[in-house]
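Please find one structure pasted underneath; my questions will follow.
Residue numbering begins at 1 within each chain, and the chains themselves are lettered A, B, C, D, E and F in the order written.
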Amino acid sequence: MTTRADGRADDELRPIKITRNWLDHAAGSVLIEFGRTRVLCAASASEGVPRWRKGSGLGWVTAEYAMLPASTHERSSRESVKGKIGGRTHEISRLVGRSLRAVIDYKALGENTINIDCDVLQADGGTRTAAITGAYVALADAVASLGVQKALTGSVAAISVGIIDGVPRLDLPYEEDVRAETDMNIVMTGEGKFVEVQGTAEGVAFDRAELDALLALGEKGCADLTKLQLEALGS
Amino acid sequence: MTTRADGRADDELRPIKITRNWLDHAAGSVLIEFGRTRVLCAASASEGVPRWRKGSGLGWVTAEYAMLPASTHERSSRESVKGKIGGRTHEISRLVGRSLRAVIDYKALGENTINIDCDVLQADGGTRTAAITGAYVALADAVASLGVQKALTGSVAAISVGIIDGVPRLDLPYEEDVRAETDMNIVMTGEGKFVEVQGTAEGVAFDRAELDALLALGEKGCADLTKLQLEALGS
Amino acid sequence: MTTRADGRADDELRPIKITRNWLDHAAGSVLIEFGRTRVLCAASASEGVPRWRKGSGLGWVTAEYAMLPASTHERSSRESVKGKIGGRTHEISRLVGRSLRAVIDYKALGENTINIDCDVLQADGGTRTAAITGAYVALADAVASLGVQKALTGSVAAISVGIIDGVPRLDLPYEEDVRAETDMNIVMTGEGKFVEVQGTAEGVAFDRAELDALLALGEKGCADLTKLQLEALGS
Amino acid sequence: MTTRADGRADDELRPIKITRNWLDHAAGSVLIEFGRTRVLCAASASEGVPRWRKGSGLGWVTAEYAMLPASTHERSSRESVKGKIGGRTHEISRLVGRSLRAVIDYKALGENTINIDCDVLQADGGTRTAAITGAYVALADAVASLGVQKALTGSVAAISVGIIDGVPRLDLPYEEDVRAETDMNIVMTGEGKFVEVQGTAEGVAFDRAELDALLALGEKGCADLTKLQLEALGS
Amino acid sequence: MTTRADGRADDELRPIKITRNWLDHAAGSVLIEFGRTRVLCAASASEGVPRWRKGSGLGWVTAEYAMLPASTHERSSRESVKGKIGGRTHEISRLVGRSLRAVIDYKALGENTINIDCDVLQADGGTRTAAITGAYVALADAVASLGVQKALTGSVAAISVGIIDGVPRLDLPYEEDVRAETDMNIVMTGEGKFVEVQGTAEGVAFDRAELDALLALGEKGCADLTKLQLEALGS
Amino acid sequence: MTTRADGRADDELRPIKITRNWLDHAAGSVLIEFGRTRVLCAASASEGVPRWRKGSGLGWVTAEYAMLPASTHERSSRESVKGKIGGRTHEISRLVGRSLRAVIDYKALGENTINIDCDVLQADGGTRTAAITGAYVALADAVASLGVQKALTGSVAAISVGIIDGVPRLDLPYEEDVRAETDMNIVMTGEGKFVEVQGTAEGVAFDRAELDALLALGEKGCADLTKLQLEALGS
């Protein structure tokens, strides 16, 4: 049997740390850590909605994800300097936004907008899933600060799973991620339903049995994260 | 039991039409139609590879997806005029590229680059799955024109599935797509393995049983498309 | 005496094909072919006009021209990916727009906007003249769909002419175009008046006699195209 | 008979003033004035050519045209601030470049590049024709400074003509330009041959007789300008 | 004792020339020369203010600085062509704007906007200080043209100072500027107060005594310029 | 006598906290806090230098400054999303780079590049001075990691000073900064020499006595910061 470099069981999360109110200005903010991955999630609330939604009585939630240049193993160049946003950044920003909107009741939110910013301070695999998991907590605080708790219809968490050397594993750090034959990100509600399932074969296509194994791991990981989110919010 | 507006069975594809060699200049080109969805797929071959791959002896395959302004129900604005590519375009271009690279042997391709262009001439749902399915046929022709057929290790096709009014359905046209509770795109090899699985809850999260039903539909749809691809290439 | 590679007389058009209603969504759409040159022209009608024209009671017509990457002999890079529109694209978009506006009565159009999109699917010389000639037919259909036929005050067509090996010729394909000493695009109304005359010496300046010969050829070509436009609209 | 606001005959140029060596750094520079239109033309010479031309033994000439924000009647916004160049600017830059290249022998120029900058300090109609006419003089000085006078195979000048209230007129100031039914820019060599002919109907299409009248006026205007260029160059 | 290449005393300005009304359209315009440095300053007045200031009863003054490509020793590339403004340009535009706003009473200006354009026609050091000094005169004319002279609460001028070969000097031309150990730009009101002080060590940090010497030189230079501004304005 | 909202003496710094090695990947990294202002400074070392410096034997140091959207009181929009960098960001990035280069011996650094990233996680005034002060410590660690300690010729620190209600004060938090009549940023070496002096009158011009008072305060603040930097570096 293979062992993981950090000694974890195959279905075990890395140490997770959720620090609420890491910032003073945002309505909600969280520094979330999945092992060495560190993402700063901020939820800023403002009155009003984008033009296309005005007068509807409905609110809006949107998200932006980005990585600091020095967050990666090799420094990556700054997207503002390049003057355009890369495809990966776009893709993850959209994923985070959709995931959070899955637990929002726009009517109860009223014509308010919540902007979620997920900035990766340090990247070691799983940044998008940490972003979603942390952003949910920041969102909950922002919704509470607006006094519209009913706008939150549930919770949402996300985790990565993958097959490394033929073995399905939970919560991949960078060194496993780059070696994974298959890589999947799973977003689930606190009630155990799926919000997003995104699986990608890296090199070798995967069969139905492998897919099922990954889904089961993802279900366990999201359930574990849900508990940690509730603890963080409960205190 | 609900019926589909176009009279199809729930697990039935729209009429699929694959026209090879629609263009004179590209090494491979296909006009593919999934009902009223019409995508022009071109595979252009050129010697050499991007700088980061030079001297490796390996080839490269990359893809760009775009929609013509008048392809959509309401005219959409042109991305070149806006000066930037939207997140959805980025996301689909990356998906098409990854899907095709899953059946490429870079070593056998040698230091050649194949550029895949998928331009949507008319959109009626399923444009990204039509793009992947058509692009595979154009790619096969381009690989043949280079005389490196071994560079193709298999075939790849893609289809959309979704749950509409509680019923899982195959190959959604626009009017079903906008009403879908869950929307999934499945990319599979000709051998029935998964390359990409991307499922998104639109409004309501989905459970494991629904996910399983969608995967089964997708497997059937991709198998049907594989046959049509082989026929197109066999003639 | 030199002969043309495709056997045409010097004052003869390539085979012209105009297919109306090639798209389902646009108010008017035409696939126009000048030999192997193939341009998809769509006219989309929408209520309202740009801000600077609001309240004037006058309509607006504007055009955008673009080439698909695989339309050219060597694949050309995508302007949306480069993030900016090249000078040639700008120039032709403006030419198409001016040419069509020459036969529009803004008052009769009312505060409606018609967007013309001319996308070159395959390029073999004369793409801008095919675009104008096809766009006129799409525009006529769009105007009719709005029920404001009086907004169209005439017809417009365009053709290229040039001097190759000292001989003035009509409707240049790519292989003649690159060898032309002088290259001219002529846009005329159905009544035989000039809307645009754009002549460029490529390498050798031209004298007045040559200019006159080219104008005469252009007059003939536009008259021929006018007949074909009427036939297409008459059916 | 109508008279012109500035009292000129219909075939008379505005007062033309050509000041050579207006700048200290550029190889050639000219401040050219067509009445109140004032364009600063600079020709900068540098060793080497663009990458696509390296090793060919041939030189290159390219041009950029721009307007200062305060040069126009109403201040216009700065293209560098908008982050993109407008279609009109692109179009004129290309026209100026083509016009000057018509009198260049690339072989004699050797692998040198000459950049022409035409910046409109004050605009009162005819800026593109003033730019071409002045740029020729700057180019001649730059070519001389490189010691390759043979690279210049002739001279080039440009003038605008138009039909105002039914009367063909030469060298239109802004107030005539905006009222012109037809507007034409003519670029000719010193030997009286055409380099560019660009005529545009503004509102009303023009017939062959009108076209001929405009061409004749243009021929006269360019001949007059050629004399002034030669005088300025002291030859 | 070292002497300056142009024979000036260390505390002496270059020949300064201020030509008012150099342009016909702008409300105020000045061609200012500091030796061979030549900057065209235009002040355009328009009714209304930016959106964020509407209804405040207050006016606005803003500035843009730019260099023509051929103004520098080596031709520099055009920012509009590059599609973005460089940091240096941004920095100087902001400096010019702030300097002029220091002598504006927004209330007295009323809801009008004055756009200042400073375009460097020729650069030989001190372009930003020439820009500020000339722009003040153009601004004064623009304010007068609006009939709101009270909006101007004082005058403003700017000069560069620096330490070259250990000697503090006033008004550095390019050849001194590039050799300066310390470079400082000083903006002062006509009453001798400071608006901006920007000192930068180039290579070697400077001590308090050197700073004091530079400030004293700057005070003298600004006082001299103030006189020249008043003369130019004829008061 | 006025008191400061946070009870500090007029010449007293806010609580300063310097946390080294806050990141795992960068050669040097520091989280620096000036009261509630929190800036993450990372110094990434890489072999090689920009093209224009190759073969010179000299190294290079460059810096980028940016603010996270949620760092400010009101969320600010993301520059990568806007597609361009604002003038303020450009200005500060340049200031940070110049300040650090003042203590670098390029020869001793060899052909290596150090990229400094200063990302403001939370802004409460003085972000640019915190960035410089923290970046110096990160730079020292990066230089040490390259084994070229001699490349560092001294230390550098920066502080803001300003006049609030007529009183000169050190290290302004946001609420003082917005009320300041004069605002100055001072960058000094550990030996007490000036690297940068940037003073700006906000509304009211300042006289020489006020300038002297601000310089004295800045000298004290930088000396205090120098001590804290040395302590942090353990020397």
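Throughout what follows, a contact is a pair of C-beta atoms (placed from the backbone, for glycine too) under 8 Å apart; a residue touches a chain by one contact, two chains touch by 3 or more.
By chain, with names taken from UniProt: A, B, C, D, E, F = Ribonuclease PH.
Predicted model, so just to flag it, every value in this text is computed and none were measured.
S.K.: Can you list every chain that touches subunit A and also touches subunit F?
M.R.: Joint contacts: the list comes back empty.
S.K.: Just how many steps, at minimum, does a route from subunit B to subunit E need if it may pass only between touching chains?
M.R.: Graph distance in the chain contact network comes out at 3.
S.K.: Hey, which one of A-B, C-D or D-E is the same interface as A-F, over half the contact pairs lining up?
M.R.: D-E
S.K.: Are the interface residues of subunit A and subunit B largely the same numbers on each copy, more than half shared, or largely different?
M.R.: Mostly the same residues form this interface, as more than half of the numbers used are common to both chains.
S.K.: Would you mind pulling out the distance in Å between where the CA atoms of subunit B average out and where those of subunit C do?
M.R.: 33
S.K.: In whole angstrom, what separates the CA-based centres of subunit A and subunit C?
M.R.: About 50 Å, centre to centre.
S.K.: For subunit E and subunit F, let me know how many angstrom lie between their CA-based centres, rounded off.
M.R.: Spacing between the chain centres: roughly 27 Å.
S.K.: If a residue has to touch 2 or more other chains to count, which residues of subunit C qualify?
M.R.: Each of 83-85 in subunit C touches at least two other chains.
S.K.: Graph shape for the chains shown, where an edge means the two chains touch. Line, ring, star, complete, or other?
M.R.: ring
S.K.: Moving around the ring in the sense set by going from subunit D to subunit E, list every chain once.
M.R.: Beginning with subunit D, then subunit E, the ring reads D, E, F, A, B, C.
S.K.: Under the touch definition given earlier, write down the residues of subunit D that touch subunit C in their complex.
M.R.: Subunit D residues touching subunit C: 84-88, 90-91, 93-94, 98, 102, 184, 188-189, 191-201, 203, 205-208, 211, 215, 219.
S.K.: Within their complex, state which residues of subunit A touch subunit F.
M.R.: 23-26, 29, 36, 40, 42, 44, 46, 64, 66, 68-75, 78-85, 89, 115, 117, 119, 121-122, 124
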